Amino acid sequence: MAMLRELYRHLFKKRETVLYPFKELDQVHLPEGYRGKLTYNKDICIRCLLCVRSCPSGAIKEELDDKGRKKPLFRIDQCIFCGTCEEVCPVRPVKAVVLSKEYEIVTLDRNSEVVK
Amino acid sequence: MSSSQEESLVENLKALFKDNVLETKLPMSRRLFVAVSPDVYEDVIKFLVKEKQVTHLSTMTGMDLGEKIEVLSHFFGLGMEITIRVAVPKEKPEIKSIVSIVPGAVFYEREIHDLLGVTFIGHPDLARLVLSEDWPEGEYPLRRDYKVQPPKPLREV
Amino acid sequence: MSSFIIPIGPQHPALKEPEHFTFFVDGEYVTDVKVRIGYMHRGIEKAMEDRTYNQGIYLASRICGICTEAHTTCFVQNVEYAMDLKPPRRAEFIRVILCELNRLQSHMLWIGAGGHEIGFDTLFMYLWRDRERVLDILELITGNRITYAMMAVGGVRRDITSDMIAKIQKAMDIVEERAKYYKKVVLSEQSIMARTIGIGTLTPREALELCSVGPILRASGIKSDVRADDPYAAYDETPFNVITYDGCDVYSRFLVRVDEMFESINIIRYCLDHMPQDPIRIKLVKVAPEGEAVSRVEAPRGELIHYLMGKGDVKPYRYKIRAPTLGILPSLVRMLTSRENYVVKIGDIPAIVGGIDPCFCCTDRAVKFIDVSKGKTWSCSYDELNKYANRRYRKVG
Amino acid sequence: MDDIIFLLQVLIFPGLLFSIVLAFLYEWLDRKIYARLQNRVGPLYAGPAGILQPVADFIKLLAKEDIVPSAANKVIFNIAPIMALSLISTAVLLLPVTGVAGLISFDGDVILAMALMVLYVIVVFLAGFFSMNRFSTVGAERTVLQLLGYEIPMILSVMSVALSAGALSLAKIVENRNIWFIFGPHVISFFVYLIAGQAELERVPFDIPEAEQEIVAGWLTEYSGKKLALFRLSRDIELLFVAGLATTLFLGGAVPVIGGIPSILQVAICTVFFTLKMAGVLFLLSTIRALFARLRIDQMVDLSWKYLIPISLLQIFLVRLMI
């Protein structure tokens, strides 16, 4: 019986649930340093491929671009969002690989989730 | 605890078991590694548990060193982590079980038996613990010579 | 006497993770039990040998989703021991804060889940709601809710800034107030007491003999805590009490965990106030010298021990992980077996099994099947699966 | 013509169709209240505020594969859900929803109501026992053991009402009600009845026969598809019946008849009041569900023999003194 008062107090309280996928999208709050889907800026990338070597899950592959130069290819389906690639990226002041705040990355085809 | 306690334990062990204490290491404070020969392994543990009251067995590790398989028992007591290591030949990996002295070793010994194929003499029940029932006999995944085979797809089963 | 066998697991509503218990029962009384684990065998020990130390951190954080911080702390500490380096003091404080936040959320999770095991869903819902506050804080600090990816060999990867501190302190106040309320509930709710007092008894002697760890040991009245006995990180200067209760039953385990929540909150507050201004990370070599190290950490579920053998490579030669639940298993078997003056009923099984806070995910490891599903897809029609299942179960019986 | 009207009454209002609709509504209400108490939302998407969720669940279950275990006794396994549903929907016909008397009303129908509830439990026992599943068997055993616990206090509390009304028929009890019924000594037996009713309905803290964490779904473990749908429906109707019986016996049934208005309007007013009172009982039942942890089977039997039965005996004694 210890919780009776608490129970009835909740009867008129606002629910805690956020009706996320359909409504109340504005109530989804992300902190500053959130680790979401990574973004890759190929214009400033110096193609050092440090990220390929350091990725713990092997989600970053080597690939040749149209000019036959090596460049990284990011497979989001294997990514574990640790941010190591962002950390090792030597490009300054803005890094070529940055984890964004995007979190809706569900897809039906795992091969489509690739960042080039 | 001061390091003198660790050193005194080492001296104690050396005095009791003489040449059978093969190697002692003190890499940092509160860590002690003692290698003993298989003949006195049981006695050393009996000495630790019964006389020194080091009753807490943290875990046991099995390690493949090429020709030998090492069994490490990590005890905690007297304010330090005491690791007793004993090596057994790979051809005949057998060693006495310490379950009668430390009842908590039951699952650790079963795990090592399962993954490295060390037989513990006197263990009450060395049934499989972690590997599946249809795992082939005589294959021990944590040995260095074990090659990982890619699993077959389900439809071929 | 022929006994009636009740198989519980690998799939059973009481067990959130797959393991198998065979209970021999006589009416409502349990006479014997056999345990079988290994359904979550992911081969992490073997896979560790394949990864560099830096990559191993992320694998270690995936040993267990709930006590991830304990595993990563243990891993990086182990590598630091082997390399013989000491991280900056501020990093050690941040580690303590993260470990305690982790413990806080784990204990809240357990008290909720423990309530659920004895059919008290309301407690479950409230605690998991309040646990979100702690998870929000963890997300604020690390950027992730569950696998924090925060530790690095030689320090931590992110700093705790001053505006974070204010937010953490505010959240701690709320959590403390809620924890007080839950303590009151646990202390006064008759139906919780009816289901937990005198259930799953483990005498102090048995607990020592069977090498039990963590809250189970402390609920049997034995003062044993790695944080106090073998201090790591910044625990050597953080004041805290080792909570013990001597009821030796599930109720004492409830109380130990509730009280540890207050201790965690106090530790976090102390650390926030006393963090020195240091760098958070040092540069380091990637090769560990030949040698070995043992690292112990007090995970939310008890003593966690990692053993590392290095051969002067960038990868470990052997990495051994012993999760707390494996240490508790022998005690669990003892608790589940009826003997003189002590009976276990079927209705008590969830309370006892739940009472140890089982985490079989951490417990099972070893065979390596990495790189298997990459680029390959398995397809299997319903009929094929059905046939496979039929064949398999006819064979087993 | 009378026969056709009676048939329509049985099948549509206030009989089968009405009780099924009301049962679904009450399941929704119960889930919603339970969720509110736990600071959740409950059913949300099927219909406005999720009001159609129980119906959606029912239809979904009807569409699911129906598996009969090869070891089960097929005849009993198959007829048990139908038996359960028909027993409990017969019992609902006794409730005086529309006025003073129910659709079936005779002297001694209180006893029939109790008997139907016991029969329902026996059908449940058979269903569980002949599923030939370990969990079902344990669940079935527990069902009967629990019956031994709650049935006697329940009958005693009902009897005390019958005693003070001086009648064994629901219609007469409703007719003879007075203010004593609601605020008198029956408050005790009302709570005894609620607790016993909660046990009858197998809800927390007495969901022992189907304790999810202990024996999966208890006697329901092997049921799937249409049969599970029928069982769930019959349990919803059982909830309606327990709440309805409480309303009739302790809360005075449908409202007093107001003279001078057409009978159709009167029926409507009575029905609305009856359902509202039932909802009140349901609210209490939902609160009990949210308030406790599950008891163990021996604790449950202990509770009823040590406390509930003496209390209800005392209650009968009090009532006897007052008449």
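Labels for the chains are A, B, C and D, by order of writing; each one numbers its residues from 1.
Here is the rule we use: a contact is a pair of C-beta atoms (placed from the backbone, for glycine too) under 8 Å apart; a residue touches a chain by one contact, two chains touch by 3 or more.
Computed from a prediction, not measured in an experiment: that's the story for all the values here.
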{"item": "Which two chains share the largest set of C-beta contact pairs", "value": "B-C"}
{"item": "Chain C and chain D, separation of their C-alpha mean positions in angstrom", "value": "43"}
{"item": "For chain B paired with chain C, centre-to-centre distance based on mean C-alpha positions, whole Å", "value": "24"}
{"item": "Centre-to-centre distance between chain D and chain A (centres being mean Cα positions), rounded to whole Å", "value": "51"}
{"item": "Multi-partner residues of chain D (each touching 2 or more other chains)", "value": "37-40, 290-291"}
{"item": "Junction residues of chain C, two or more chains touched", "value": "122-123, 126, 129, 189, 371"}
{"item": "Arrangement of touching chains [line / ring / star / complete / other]", "value": "other"}
{"item": "Pairs of chains in contact (touch as defined earlier), listed by label", "value": "A-C, A-D, B-C, C-D"}
{"item": "Of chain D, residues touching chain A in the complex", "value": "36-41, 44, 287, 290-291"}
{"item": "Residues of chain C defined as touching chain A within the complex", "value": "51, 54-59, 62, 122-123, 126, 129, 132, 136, 139-140, 142-144, 147, 149, 157-158, 181, 184-185, 188-190, 371, 374"}
{"item": "Parts of chain C lying in touch with chain D, wherever the complex brings them together", "value": "4-7, 12-14, 28, 115-123, 125-126, 129, 189, 191-192, 194-195, 345-350, 354"}
{"item": "Contacting residues of chain A [partner chain C, same complex]", "value": "1-3, 6-7, 16, 31-35, 54, 56-58, 78, 80-84, 87, 99"}
{"item": "Of chain C, residues touching chain B in the complex", "value": "36-38, 41, 43, 45-46, 81, 84, 208-212, 224, 229-230, 291-294, 296, 303, 305, 307, 309, 318, 320, 322, 326-327, 329-331, 364-372, 378-380, 384-385, 388"}
